[in-house]
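The letters A, B, C and D name the chains in turn, as written, and every chain counts its residues from 1.
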Amino acid sequence: MAAIFELSPRCRELHRKLTDFVENDCLPAEEVYESQVGTGDQRWKVVPPIMEELKAKARSLGLWNLFLHKGYPEGPGLTNLEYATLCEITGRCPRIAPEALNCSAPDTGNMEVFAKYGTPAQKQKYLVPLMNGEIRSAFAMTEIAVASSDATNIETKIDRVGDHYIINGHKWWISGAGDPRCKVFLVMGKSDPGNESQYKQQSIVIVEAGTPGLEIVRPMTVFGYDDAPEGHCEVKFTNVKIPVSNIIAGEGRGFEVIQGRLGPGRIHHCMRAIGMAERTLDLMIARVTDPSRRTFGQVLARHGTVAADVAKIRIELNAARLMVLAAADKIDRVGAKGALRDIAMAKVLVPNMLQKAIDLAIQAFGAAGLSQDFPLARFFAGARALRLADGPDEVHIQQLARQELLRGDDIRQKHDAIKARREQIFANNSKL
Amino acid sequence: MAAIFELSPRCRELHRKLTDFVENDCLPAEEVYESQVGTGDQRWKVVPPIMEELKAKARSLGLWNLFLHKGYPEGPGLTNLEYATLCEITGRCPRIAPEALNCSAPDTGNMEVFAKYGTPAQKQKYLVPLMNGEIRSAFAMTEIAVASSDATNIETKIDRVGDHYIINGHKWWISGAGDPRCKVFLVMGKSDPGNESQYKQQSIVIVEAGTPGLEIVRPMTVFGYDDAPEGHCEVKFTNVKIPVSNIIAGEGRGFEVIQGRLGPGRIHHCMRAIGMAERTLDLMIARVTDPSRRTFGQVLARHGTVAADVAKIRIELNAARLMVLAAADKIDRVGAKGALRDIAMAKVLVPNMLQKAIDLAIQAFGAAGLSQDFPLARFFAGARALRLADGPDEVHIQQLARQELLRGDDIRQKHDAIKARREQIFANNSKL
Amino acid sequence: MAAIFELSPRCRELHRKLTDFVENDCLPAEEVYESQVGTGDQRWKVVPPIMEELKAKARSLGLWNLFLHKGYPEGPGLTNLEYATLCEITGRCPRIAPEALNCSAPDTGNMEVFAKYGTPAQKQKYLVPLMNGEIRSAFAMTEIAVASSDATNIETKIDRVGDHYIINGHKWWISGAGDPRCKVFLVMGKSDPGNESQYKQQSIVIVEAGTPGLEIVRPMTVFGYDDAPEGHCEVKFTNVKIPVSNIIAGEGRGFEVIQGRLGPGRIHHCMRAIGMAERTLDLMIARVTDPSRRTFGQVLARHGTVAADVAKIRIELNAARLMVLAAADKIDRVGAKGALRDIAMAKVLVPNMLQKAIDLAIQAFGAAGLSQDFPLARFFAGARALRLADGPDEVHIQQLARQELLRGDDIRQKHDAIKARREQIFANNSKL
Amino acid sequence: MAAIFELSPRCRELHRKLTDFVENDCLPAEEVYESQVGTGDQRWKVVPPIMEELKAKARSLGLWNLFLHKGYPEGPGLTNLEYATLCEITGRCPRIAPEALNCSAPDTGNMEVFAKYGTPAQKQKYLVPLMNGEIRSAFAMTEIAVASSDATNIETKIDRVGDHYIINGHKWWISGAGDPRCKVFLVMGKSDPGNESQYKQQSIVIVEAGTPGLEIVRPMTVFGYDDAPEGHCEVKFTNVKIPVSNIIAGEGRGFEVIQGRLGPGRIHHCMRAIGMAERTLDLMIARVTDPSRRTFGQVLARHGTVAADVAKIRIELNAARLMVLAAADKIDRVGAKGALRDIAMAKVLVPNMLQKAIDLAIQAFGAAGLSQDFPLARFFAGARALRLADGPDEVHIQQLARQELLRGDDIRQKHDAIKARREQIFANNSKL
């Protein structure tokens, strides 16, 4: 991390501890974890036991729920910038470390929602076990039939009938829904589709796993990965009936809730991506400097293009990191809403940088880079998905463009003033 | 295909028949095939029955063994250029159509080897059932411990002991080795590691499936795909004993054999990749013009960047196709050796074009593009692997560079002549 | 050139002669020519005498007016494909060779217009001296106040008053207008701005140099080049009065005339760009293999990235050339209108390829590459301008996209048919 | 600028004043300045009078010699970070503003050299008038015959003969050498070419303009620009005789002197490039939102690709700025030597970003973007040259790569430790 962002002594201590934990506990556990994931019938029924060991250790080290930033009394009180720098470390081991710290999506965002908007009863029932790492959760937003990158397209119905809501909808890419520990879904739908404001039609409600009418249809794959045990599932809601007390924040506030949820979450994703990029670069450097691997008589790193690729990854990685940290810092200073533009820029830049870095690393590895023997191919799938998750590149680019283009009138006015002043100078000069 | 390459009436007829077969038989069979691939214990034991139906139909239509070009009396006598144009059509359905026509790698290359170098007994035992589509085969070259993109690195030992060879080696990425129908391996190793010529140390031998000491260790995955039932397997040879009659062409001719094998094979891969790109573009166009999918009030194709991406794919696709066809044509005119440079250029250009095209298409599809519901993610894995298979981009680029750079002396001489002539002109002019 | 395009014996002979002429006469004359271009007051008054010598020699060699293809009785009767291959050779020396052969823009396009649409009197007065290389000409289309890449925006007025037209308009980037030999302008304007068809409002008229009201305002520069003696000038038409007999083809046919004019012209530009790219690559190879230039102990070509750049330029250059030749061939077979899409693809691909190639070459040259000592910087300016001339990339891309996207309905129908067939197969299989 | 870099109140005040000065005085003076540059015989004899007016005003505003950072008692005591942020503002008007503030290269670097290494007599004679803006200076390093990006290649001889040095050498690209005010050259050459250390062979000496044997051969052009009145000149030193007191720092210290000179200078170049990029983006936005410029019925910004380009420039620009500021900050904290890697990264990233941004802007402008009517083409020439000045991209990339690759052994050791720990976990688990 660029030293320009000074860390507090407390944060430096967390860094040290977390780095140790990731290197000595999480990275060595990766293959163990994979070997413990269920196969065949057991695919979606087993949670690798090593994860519970790691969670216990992380908690005992004080590396627990670090994501809940200063604004939340339940958390350890880190700033977004501080937590972002920690995310980079967990990002080096993305399948294990975030969950071991109880800091993995979508639980973190859901816990924030419960902490910020939950009633005391909701907190007791869902937030407490989530913060204890006893259950997991899902966030059901993306729909199969509409372009959900534009959230106003969402079609799931949340109809009030007496003291209940009846939910009907068809979602997919619901991360974590396949996990046997997933006990609660936050579901976005339209409770007031006729509202004249496109942004007040949506509500978010709580649906517990096992509620009749809630069907986990199948896991989706990303490239060939199903990401068991969490999974990214197709989920159907057919006349799902829940009490009205299961509303989050109140009817019509769904848009507001997700807006607050997404900003910092994107920064966490981005910083973990920075960590993935660092590990990718480490793997590549180790491979291309390996004295036992030679082509045409030379260690790979002696081939100029390979070395140049290493340098280019380093440059783009460091630039991308600065951008995420600057966005995190801005959230701390002016809030997530004021930092929307900075977050969007990081959200576009980082996954593209990561995808490109991994692609170069794979090329240096040869076919091994595509296989289960190294984390590169899986990282690639994650990077590629991140260019679509939480809004595809195009949506962020379009919004950034719109804001920049608003400056057109001002600039043209300034240009007119410069031109007027120029003509005056020419006139003065010609008088001489 | 650019009309500049005139097809013979016979080839046009094959085009028509093959296009029908792919559209009406192969593409509709894709999901059936996937549903018939074994799961769990049966993963590597089952061959989807639909494939045998399709093979029977293709054979009855005269769409069988088309790959065996003019040089082989056993084949239908197409030119490389003609067969290349047919490969584009099968490439639209790459999991099904090539095999249905008995034209899929690695069998095609292996059949060419048997046809060209096989003894009558070898032909009878292996070529006949291969050409009948009764068995399948593998080509065991890439090794786990060395950078195999430089084939002189190969370490597998083929030691002669009396009337036998004893083979010891550790290979991986052996395509087709997982298939229950795979009955024969062509294995590359060093029979004369001390030979002063780096290109005469290698031999290729025949190892039948089931020979003691031949162990299929595990399937490798590409991104998350294991490509069952064929698979790309890790394979160990431990004191595998075969009769000396199992040598191909003779001791020390391994390099020569693979050189002849790889050229046209790369062109076939490239043309299938062109077909994959065409299907990718079709899928993208269908999606972005789908009137039911709108973001921010507009069909996707109305967003300028999406439309521009479609055009850019089209331009690069057409340029790439011309390059492959020109290379195929050159093979026909001067042989594979004389066309090495053209083949190498196509081999670099095409998979990169395809990878980029699919990446853009995925972005237009959103998360669906990454999933099992569309062929894009699997195509991507194939494109990415093709940048490494048969030599990574870097090796071809390096060889192309070397050849270009050889021109340096000639060019400098020409420049000197131009300079001398220039000074003469200046001198003449100044006299006036 | 890819050997796939077989040249006739006559064309092969022209190739040989032209290659000799360019290497032995034109390239040695480059610096002589530059030294003869006027400076100071004489900038726009002098034509380098060496040019007239070269023209005489080219004519005596039968290398004269080659551009006038088969369709024109006045010309030597080459096909577009044949002439395109000759353009590559002149493109190696773009400031000298095309003009020496009387084959340089905008004269070639203007001569085609006169040959195709001119009255006998117009032909006698303008076409004859143009074909003799006695005068030069300009084509005045682009306007200063509107986005002229959309030709319907053109605002110049051509008003009929009795037996005359009165022309008022403000143009710029009128190539050749600065040349003292430029005797005739073809001017595009609106004679019928109220016509309901946007494509029938325009006419083209002849304005002779020296006509009152025709003012050459200033030369425009491209990167710092003014391209004297031709120049790309700002030109004003203020109540310019010409006889009605100066109309080309008839009122309202302006659009039709430029459509026919632009297609083959773009191909010629593209093929000359291919020649520029070949010379760029030659220069780069000569430089990086120069044994006297070493960095960090090595000849530049030994640095892997430089060698890789050479190979990448080669690959993209060859692909681009195939694309231009295929488009030229299509013009020959189906006419310029039927080849619009092919021409547009070449027009996008080639200048981008060339710009990138030169940029890489400049980087290999260091600062020398930017200077007057090598043609690279001037080539770059030409390549960059070509991405805007005759329609910017964006316009061609948009039109290509539109055509591709029209296929959407067809593809979706086909997909529906495949789906129906698939369900049938599943149904049949489940019956078993 | 990212708010994360807090500016002191004093620096904020300088920002305000400088922004006013650039917008109200410098930008309006641009065309005046160009119109006052000499033409014909006067090209290298005239200094535009407006420049002296602007210098007087800047000095009166306290905007003078800001570059001399904290380490120099003669300067205003800004940090490198603070001065960098001011460079961005002057970079918006790069031909005028830096010189108006007496902060333009190569004078700034030369003044630093005199301030740091100069004897009292040298300071009195050269530093005082330079800091007063009364004279200008040049730095003569790059040579015509060798690849000077590797400074050990330099061949100019500085031979001691009695109390004098005799200098013989052939340089080019000596910026400022054409300026009539240029009174002093710092010349790098080899005083001890046999020294066993490659880094102790060089010395830097002072040569006054007008010294016999010092010949300004010609101005070099960058694309078509000669950048009068400064110029980038070819310069010959033929038996140039100077007193030994004209040595800088002492014999053999040439390498040391340039190392210290280049670091911060690169950062200033980079931050001015950021300013150029901001102005480029402003120009582009003003153009594409101009309601009077429409293509195909729409303001340019409504075409999706144009808007996306604007957003992409913004993202890359902001990332690049952060990188430069982080490097400047690091210089402040650990010195230029400790920040070498950060400086190199910025030096690669920024000019490439700028070149790409200008290229996109030119495309949006059409041909006007290439002309003298807008600063884009000249900016492009500057950006392109900056990729070569102070070491081409390749040299920085190679050095960055070398440093990264040094980490190989450490990473492999860590991987071994992880592997050992992993096997332990597997062993423990299998015991259960």
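Keep this in mind: contacts are C-beta pairs under 8 Å (C-beta built on N, C-alpha and C of every residue); 3 or more make two chains touch, one makes a residue touch a chain.
Note that the structure is a prediction, hence the values are computed from the model and not measured.
Taking the mean Cα position of each chain as its centre, A sits at the greatest distance from subunit C.
Here A-C and A-B were compared by C-beta pairs in contact; the pair with more is A-B. With centres taken as mean Cα positions, subunit B sits 38 Å from subunit A. Computed centre separation for the pair subunit B/subunit C is 39 angstrom, with centres defined by C-alpha atoms.
With each centre defined as the average position of its C-alpha atoms, the distance from subunit A to subunit C rounds to 50 Å. Counting partners per residue, subunit D has 303-308, 394, 397-398 as the residues that reach two or more other chains. Those residues of subunit B that touch subunit D in the complex are listed here as 303-308.
Against subunit C, in their complex, subunit D makes its touches with residues 39-40, 142, 145-150, 153, 172-173, 220-226, 292-296, 300, 303, 305-306, 359, 362-363, 366-367, 369-373, 377-378, 380-381, 384-385, 387-389, 392-395, 397-398.
Within the complex formed with subunit D, the residues of subunit A that make contact are 2-5, 23-24, 27-32, 35, 50, 281-283, 285-286, 288-290, 301, 304, 307-308, 310-312, 314-316, 318-320, 322-323, 325-326, 329-330, 333, 345, 348-349, 394, 396-398, 400-402, 404-405, 407-409, 411-412, 414-415, 418-419, 421-422, 424-426, 429.
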